[in-house]
């Protein structure tokens, strides 16, 4: 067995994404032949006791409560940022300036201007940088990418993608941080739509122009502190606040290559828990994918025998499929968390071997740019060219 | 058995729609207790020998080659118009002026102005008038309508509908009449989108504003007369002509009630033969429907037991379901053609009993108005209020 | 247009099957270029007023209340038998002896011995004979047959078929004729299992041996005359009778070709209305079919590209598919009743042109033989060779 | 944070199951609040270098090449047996006699007699014992169990289960250990059928009698050492050996409660990678489950509103569902490996708190007993009462 270099990770954040990233770091060397060994060196957060519990549970050796201290430690190689979105910019620039490789959760930034600053800092410092568009790393998405780049789908005509959830459909669901523009930056568009936009770019290419519409169906919600413990609903006199992010955003547009796009992100689609799905139609075939059936790919091959054509449901769990062979025998399904292991694996490879990471901060920037164009098109009631931003 | 009044139908057109309407007239009294007996009296077309063959095959007693003559015959009660779209206006107005009840295929007209003229003629003459939005009569669509009007879906947030076909994806597919603006009036939007728009209106209500985009992916095609018999493809030097209708149109919009809409119609979705599908999300539940599984309805009831909620696949074939009980026992599936029998049944009832038909020419007008708004929004690159037309 | 010979049909029975057959006769010349024209000459039943209504509704010219009289009329070419099962034998033999071509609903007979008598009568008289296994005529089933006979599925290893219904799951559902052995001959096995058995034979071949088990879950039920009108349930003191047919029968077996079979027929599968489904696995591929999605075929081709293999959902609605092109354009779905039109079309062709019909009475005999073997294996608690009967 | 007792695990085996169990031990304390902390103390195998690599990759502190030494080490609390099946009996008895808690992979033993010995040893020593029927721990299976025990499905009429794979369909696939009776004990029945049998027992109850059939479709295969590297196929003159296990086994039977069962296990179902699926029909509803869509449960509730009944597809990923809440937010899907984490969690709880584990060796015995009855019924060509063994 070869001796592998160790890479020390310092992670900022320890909630949902912190858990998912910790799991990814714990598993990457167990399932993948990475060119470095990942060490869960230090985890950083503000509430000390919760942080300590997270460190123990998720297998981090040390804790830090000052993120700047963490990001400037000599023994840290990689800074992983999954703190609330409003801190991404400052943290990413600081870490890059300290010469750390940076893995930053999406959204990279709230504005195109901010995203540009981050990209510049990362490029100037010469570090590896990656943005957390983990769904690129679903094996089915990788297969789709191969189908498109190899020309098997032919010329692309349509991309239609939807990210449907329903978790805030109850008007008494509180105004949590995800519904607060100052912290989250955006609502359904930034949280959900960003993933679809990134997949659209990854698979079909850059977007030329967009026209959108958005809605905040429930304009006022109880503040979280007004929620009563047992029912999880607000009391009558709970303090309420205006919701300042979008509950749903829908937009149409055109890719540089001429294909049409249609994207919708909503938290008001009753019955959908985490349903990111998309379909791509090309001159030689079509593909469909849904995150809730992450191991499956639907593929229509217009070149197969006449009379026997149809969408095939492919179990993307075979050794031949990207990443899948590292897990279990064919048909033994994987899940959501595996995309993050793949993401971390690729970042580790990039850091260990010096190649560019992907998706990198430029991808984060381009996604932000499209979202800003959508927002602007809504504000103006008119089409917006993405390049104009 | 009661003695029923006979209603003599005179039908203009004998191709695909003529076949479907003939079948509907032949079956309506076999499966439904209508309040009149339909007589396939006379069928009208221009090519005499083909017309005669159609008359024999489809069970029409007489033929006419002059549609005005047919529409003014004393012994004709109902004029059924399924001739090419460009003739609808003239025929409908003429028949209404002759005091005939009129069943007109969609599109009612190419422009809002034309549609208004037709509505005025029909209203002035006091005849029954219906437009051929047959998909309203799918039992599943009727059930959805009941779920919405009874409040079971709650407040509606989203309608997203797609009509996907792929029959002209081959660039050598000829420029048939459906690709000729002077005859068809419109491409994917008018042929396919119209059905989705009508269902959106039928189920969710009137549309306030729209913003669209469209594409003609293949700008030039061989003319039909240049096609070689065996291969069904054009020879090298076949005469070609510009395609002047849309291959695909996509638009977003807002209903009067505040719900968002997203609609797409395309003939370039490889793998889809006749896939009209839509989903509606409300505060209390969601529904999904696909024309290629016409007997099924997907229903999510947010009021069912926690932990056991999910989209139920309902077989809309039971006696309790609208129209379904007139056919076969539960689980014995029906198909496309049955929607036309239901449509004809309702029109016969309207004529026999004097009530208003539905969908009537006003519905045809409103659909045309929305399509015109979409076209205008594309031409202007801006949102268009439907009421402004 | 060529002048076609007319074939006069005399039909015995006018309930569910009478309706379905009438519809088939009404449509066959409308949609198929048959080599004869079908005339709905006379319909026969015992209750005169109901019969007369059926004749009018279903388009029969005359009525007869004596089936022997009907079957011996000089002007009748075809006798269609869809009276209760217990009359099939006598009627079929009588009609054959009168020189009539006979289309008999399944089951042909209750016993192998009876079935043999019928076959002998038909063969002796030289008439065309067909048994009503209409599901053979689903276009998807025809495609599967082609896949198998052309070798595309390779060597067949497995046939597993289920026919699931739930209409008698309520213990208060009355003991209708289908639950009466003297009239129906058998319960789930004869009513439902027979169709699966015939498809197994049609697609995979003859069956060698079987071992079965059956259950009558509800041993006693109210007689129909005890049912109360409104609720459709029996009153407390309604007369009850023992159920003497099987509620469910399941069996395993082996084909002559060495493939394994597994078949189940039940009326106690909650949630299933009319779900006949089967899957066939061969060395080169697999197929799946479900009657409730009659227009779809699932096909797995082990020869397609590695990594892209999966069950394709084929819309069996294209012109290239058997029978489908006679109806509507691709993607415009057909239903249950269409299988009967195809069945009648083939019988008409057989009568008009003199070839053997298929499935004929020999197929009816072989199905009966397998069912008898299953029943015997249940009675004996042992395997039974089909050939031993 | 409370201080937790540490439990040292010694694991025998390091291939597929060793990997899956290692992952489970690594994750159990990360995602579950277990009452003890699991320590991956020592891993045992015969090939030293491969073992050392496995230890490093899977996070085991020490290695052992002598399983008896491992099982008798004072510092080992739990012995985990996932060595080839033929060693299970000896190892389990030895470990139990050493006073170790034992988690043994399925099959517990090759014969009922052997299984009885193991049960006796475990019961005598008073240790906790569990057998690796991990699919019980799929959250959907747990929900189904709740539906049945709470009476929501009513009286159970049918269980039909299939475990379909296709990995040895190529006749040139070598005779690996899974096809060698002396090592594996059984073919499809023991490898796959055992899981279905255990689920049938877990959900519906004990089995009364069975009648089966089995086939070895490919009777001779190349030995693994004769396989050529690149193609993965055997050379012409590769040594070959007879296959002495079943390629497919199918059986019917009856539960003690009167319900019917139908089970099939095959490695010759082209297109199926790892498709364990079953359906249960009760008087008040039905359920369906497929391992390849492990996060989904199909539930038909006969008590829901008339006209709106259908199988609901439930995403078993919500906090309310067993185990699911320990992972990710609703709709973020889990996979195969999670069932093993749940299994290990329950065993750890059993060891930490002293309650009985489940499924325990008695469940292993009863599964073996049913399989033996099936084999015997095949050998005898007759029904076999399970209790007679």
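For reference, chains read A, B, C and D in written order, and residue numbers begin at 1 within each chain.
In the analysis below, contacts are C-beta pairs under 8 Å (C-beta built on N, C-alpha and C of every residue); 3 or more make two chains touch, one makes a residue touch a chain.
Since the model is a prediction, treat every value here as computed from it, not as a measurement.
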Selected interface, B-D versus A-D, where C-beta contact pairs are more numerous: A-D
Farthest chain relative to chain B (centres taken as mean CA coordinates): D
Averaged-CA centre spacing for the pair chain D and chain A, given as whole angstrom: 35
Centre distance in Å when chain B and chain D are each reduced to the mean of their C-alpha atoms: 54
Multi-chain contact residues (two or more partners), chain D: 272, 309-311, 315, 318
Complex interface listing, chain D residues touching chain B: 143, 297, 299, 301, 304, 306-315, 318, 320-321
List of chain C residues in touch with chain B within their complex: 1, 16, 20, 22-23, 26-27, 29-30, 52-53, 56-59, 165, 167, 272-275, 291-295, 315, 317-318, 327-338
Residues on chain A engaged by chain B in the complex (per definition of touch): 157-158, 160, 162, 164, 166, 169, 211-213, 215, 217, 248, 250-254, 258, 260, 262, 264, 266, 268-272, 279, 281-286, 300, 302, 309-311, 381-383
